[in-house]
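Both complexes shown next keep chain A, but they swap its partner, so chain B is in the first and chain C is in the second.
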Partner chain A sequence: MAAILQILILGLALGGVIALMGSGLSLVFGVMRIVNLAHPSLIIAGAYITYWAFKASGVDPILMLPVSAAIMAAIGVLLYRLMFERETNSVKYSEMTVLLTFALAMMVEGVLGGLFTNTQRVTSPDYATEAFFIGDVFIPKGQLYAGLVSLTIITALTLFLKYSRLGYAIRATTQNREAAELLGVNVNFISILAFAIGLGLAGAAGSLVSFVFSFFPAKHWEWVAMLMSVVVLGGMGSILGTVVAALLLSVVAAFVGTWIGATWSTMTFFLALFLILLIRPQGLFGEKPEMA
Partner chain B sequence: MRLARFLAATTALALAATAVQAQTLKIGASLPITGGLSVSGEKHKRGYELCTKLINQAGGILGRQVELIVSDNRSDPATAINQYERFINVDKVDAVYGTFSSRLTFPVGAILSKYNMVHAVPSGGALRIYEQGYKNLFYFQVSAAEYTGKDVVAVIKDLVAAGEGPKTAAIVSADDFFANAIAAGLLGEKVKDPATDKQIADLAPGYLADAGIEVVMREKWPEEGFNDWLNLANSIKRSGAEMIIGLTASAEEAVQLTRSLKTVGATPKLVYLSQGAQAEFIEGVGRNAADGVMIHTTWHKDVPFESTLAGKPFNNADFVKAFEIEYGVEPDEDSAIPFAVCQGIEQAITGAGATDNAKMGEWLHARTRDEPVRTVLGRFAWDERGLAKDKSHIMTQWHDGELKFVYPTGEFEGVVPFSYPKAGF
Partner chain C sequence: MSELLQVTNITAGYGDGPAILDGAHLTVEPGKVHCIIGPNGAGKSTLLKSICGMLTIRKGEVVFNGKRLNGMRPDQILREGICFVPQERALFPKMTVRENLRMGGFILDDHKKLERRIDEILERFPILRERAEQHAGTMSGGQQQTLAMARTLIIKPAIVMLDEPSLGLAPKVIQEMFDIMKMMSAEGVTVLLVEQNALMGLKNSDWGVVLDLGRTLFEGPAGDVLADPRIQELYLGGNKAA
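Moving on to the complex of A and B:
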């Protein structure tokens, strides 16, 4: 029983971090129809900001989170205005963003490689490799803190989207961009805001990732498929769906890894993606697209 | 008249440029500068570039300056193959340096063999690479990865008191060419050529069985995208193994595994990792976790290897110093090994007296223990397959934040006592 409980704890702890990594991706798609393949590379950029502060002056990665989020949000405003704003009326906007963000991912990787070299990094606050031992089970402090911070941020984001005026506008734009504009929502401003929040979430996730996983500029290629699986399973655009999918898949992967073999744990994500696209393409919490 | 003068001057300049270019000796290297293997790929680039720079400062090879062409293969085998084809057919290089990793070296080997190029391999230890019948293959490390376990077990047999050695082991590894090859030797598996299914070697009973160590856990993780390190570490801990063998494909995986073992509170007597000699390892895991971790290497900064560069003595200490001046950091074996490859090619061209790859290959094959290629990794002479003869790994161990060498004893100065058992993480 303790063994099962242990696997469950480890799965949930990992899922909490992956939820934050995926939520920015989901938000950006939901509001702006941008499939942001560069999102994982921007998470790594956030991780480097955090690593740099930790290395230079020992700033705790969790304390660096707001700074990293703010820097990445500012970069988000610039990137949106430079790369996406002029294309918003294009008929093939979503398809174009796939290519644009793919190119952006490669550029970010190149810039990070130039600035920080390709050497792998990880921040090492004491709690990153400590655990609470309770009887026969343990709770890893690093993943616990990362998971809790991650869920706190997502809860705050959900409350913001649900109860603030800007949140109403973002949700209205997510549901129907044209109708929102007709009702007086400045959809361009909302798109910039949502993209900035999405990248802010990438920066925040980067701070947490910096002590949970080691990273280097090219690491994002390993994460993009995993995050897409989580976002598609949850329903593209649904933050709640992303959180549920991340927790669910991480727990299942942990059981698969222990009982069947570690080789198969990664496959869990892709198998879930395959099945959900066959059975329920809109994902667990997504809305079925209207037929033309 | 003016036009005629202009044309004449332009032609003269073009001819002069062509003449200079013809004198340049071109060497190509395709490396994974980006992508999953980029951590080691970039370090390999530094090793090649520094060596080339020092050779040029000393007057070049056969009086010709060396032009190094490095292309990024993005850790992709197909791109690596294309780039070596381009080096040979378009850039018309005189020689090539090998790429990084068994995964890329295996397919590249066929191409370089097709063009009869000397293939100096910095990293590509899987035995199957050397059983393809390629004539001019030369591995610049100790031996095929399958035989690494011999030196691991030798440390236990020779340095741990009888009856106190580990009796059980957990082997966890990346599902990768290199890691699988080391595991095959430890476990005594049969090695087969995947293309023909022909048996290459039967490694039974395996180095662990030979040392009386029972394997109580065997697990692999996928080559890319694995994140569930804590769960894996927890399974290792629950196996109760006294020895943990982590066959990682990169230093990054070694960091993840070691940090996770620390987090779950594992208490093995001995930890052996296939990677982890790099500076990033100690930075990532910290002194306490690293203390006592054993790693096999081909190179260590303090080993007094004597070598030559551009015909003059150039020892391991000279390499370390030159690297620190050039890059501001201490080198590790991921830069030392390609440096040695560059030394080997330079000595082969000088020895053959030409850039004829057939002659270079003959000269390299003719090396012996007394007339070897001399590099910062020590002396090299090869068997007919291209594997180094009479070399064993340097077994290192982290001691209080410093990577020390503990085995073989009596061969070099500076060997320190082996620390056993490991005092937790």
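Moving on to the complex of A and C:
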């Protein structure tokens, strides 16, 4: 029983971080229909910002989170204006954004490789190697803190989307871009804002990832499939779906990793992606866009 | 005639494609219901989309209350007081009725005023009040159309443009939509209507506009349009006005 509880706790803690990693991807897809293949590489960029600050002056990764988020959000504004704004009226918008974000991912990987080499990195605050013990069960402090911070950020994001005026505009743009525009929403501004928030979430996730996983510039290839499976399972564009899917898959992956073998753990995400596309392409919380 | 909106010989189309409108004109008087009729592909919906800023006007001009609207974005035109309800009703299916109404007042800065307006609308439309917390996407077609039309009233617009509000609705429900439209007009809201059911549209309007191949062929009092034998033959299926 203690062993099952142990696996469950580890799975949930990691799931919280993966939920944050996927929520930015989901938001950007929901509002702009951009499948941002560069999202994981931008998470790694956030991790490197945090790593650099930690190495240079010992700044705690969690304290660096708002800085990393702000830097990535600012980069998001620039990237959107440079890369996507001019494509919004293109009939091949979706295809173009896939190609553009693929190219962006390659560029980010190249820049990070040039700056930091391809060596595996990890920030190592004291709590990253400590744990709480409750009987026979241990809870790694690093994963626990990362999971709790992730879920706090996602809760704040959800409240913002649910109750603020800008949140209404983002949700409206997600559900019906043309209708939002007709009701006075400046959808271009909302797209820039949502992209900035999406990349801000990538930056925030990067800070947490920096002490939970080891990372190197090409790591994003592994994460892109994992995050896609989370976002597709949850329902493209649904933040709640992303959280549920991340927690669910992480827990399943933890059990698979423990009982079958660590190398099969990642397969859980890929298999889920494959099955969900076959059985329920709109995901758990996705809905068909047609009105009733 | 003291016009509220003047559309003068406009040319417009989708993207870089061919012009759908080519020489369309229109005069809109305040407080009246205007019905645009014409065959499929005449450019009726394109005309409304051009007025509300969804399409770029290539030639000609649109003047509202003495102000030129050419080149303005839809949100800017809305702030001038022109609301547009497209064929698809433009609701947010995963938002509740109340949230949809709140979006209807997105351009209002006064939050208390907005909530007061929402309560007024819910009071006037009992079916919406009953379903205030229901997701719009789960309502019937008629209820959705009622919501789409009621939502325009939140900002007390000068002109409401309706693109085929009767589309896909049962006959009994269609009459309810026209009743709402008349109520809007009685309150001083000018209505610009595109209607495939030309006979019914004209019977419920003050002014008729006949559009064909992107051009305005005729405009005048709805009664005159209904009585014109050529228009009856070409656009009203040979039906004589009752």
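Here is the rule we use: the second predicted complex is superposed on the first by the 288 of 292 C-alpha atoms of A that agree within 3 Å, B and C clash if a C-alpha of one lies under 4 Å from a C-alpha of the other, contacts with A are read in each partner's own complex, and residues count from 1 in each chain.
The definition used in the following text is that a contact is a pair of C-beta atoms (placed from the backbone, for glycine too) under 8 Å apart; a residue touches a chain by one contact, two chains touch by 3 or more.
All of these numbers come straight from a predicted model, not from anything done at the bench.
Visitor: Are chain B and chain C a fit on chain A, or do they clash, once the structures share the same frame?
Guide: Chain B and chain C fit side by side in the superposed model.
Visitor: Looking at chain A, which partner touches more of its residues: chain C or chain B?
Guide: The partner with more contacted residues on chain A is B.
Visitor: Can A:V185 be said to touch chain B (first), chain C (second), both, or neither?
Guide: Touch status of A:V185: second partner only.
Visitor: Check the residue A:A253 against both partner chains and state whether it touches chain B (first), chain C (second), both, or neither.
Guide: It touches chain B, and chain C stays clear.
Visitor: Considering only the touch criterion stated at the top, classify A:V91 as touching first (chain B), second (chain C), both, or neither.
Guide: Touch partner of A:V91: chain C, not chain B.
Visitor: Looking at the overlay, what does A:P281 touch: chain B (first), chain C (second), both, or neither?
Guide: In the superposition, A:P281 touches no partner, neither chain B nor chain C.
Visitor: Determine, under the contact definition given at the top, whether A:P66 touches first (chain B), second (chain C), both, or neither.
Guide: In the superposition, A:P66 contacts neither chain B nor chain C.
Visitor: Check whether A:A169 is in contact with chain B, with chain C, with both or with neither, and answer first, second, both or neither.
Guide: In the superposition, A:A169 contacts chain C only.
Visitor: Which partner does A:T119 contact after superposing on A: first (chain B), second (chain C), both, neither?
Guide: A:T119 contacts chain B only, not chain C.
Visitor: Considering only C-alpha atoms, give the closest distance between chain B and chain C in the superposition, rounded to the nearest Å.
Guide: 35
Visitor: Residue by residue on chain A, keep only those touching chain B in one complex and chain C in the other, then list them.
Guide: Dual-contact residues (chain A): none.
Visitor: Going by the contact rule at the top, pick out the chain B residues touching chain A in the complex.
Guide: Chain B residues touching chain A: 33-36, 38-39, 41-42, 75, 172, 175, 219-222, 224-228, 230-232, 234-235, 238, 250-252, 255-256, 259, 262-265, 280, 283-286, 289, 425.
Visitor: For the complex, which residues does chain C have touching chain A?
Guide: 15, 52, 54, 73-75, 78-79, 83-84, 86, 88-95, 99, 102-104, 106-107, 136-140, 144, 151
Visitor: Which of the residues in chain A come into contact with chain C in the complex?
Guide: The contact residues of chain A facing chain C are 89, 91, 165, 168-169, 171-172, 175-176, 178-186, 287, 289, 291-292.
Visitor: Could you list, by residue number, the parts of chain A that touch chain B in their complex?
Guide: Going by the criterion above, the answer is residues 3, 6-7, 10-11, 13-14, 109-110, 113, 117-122, 124, 128-131, 133, 138, 140, 142-143, 213-214, 216-218, 221-223, 225-226, 253-254, 257-258, 261-263, 265-267.
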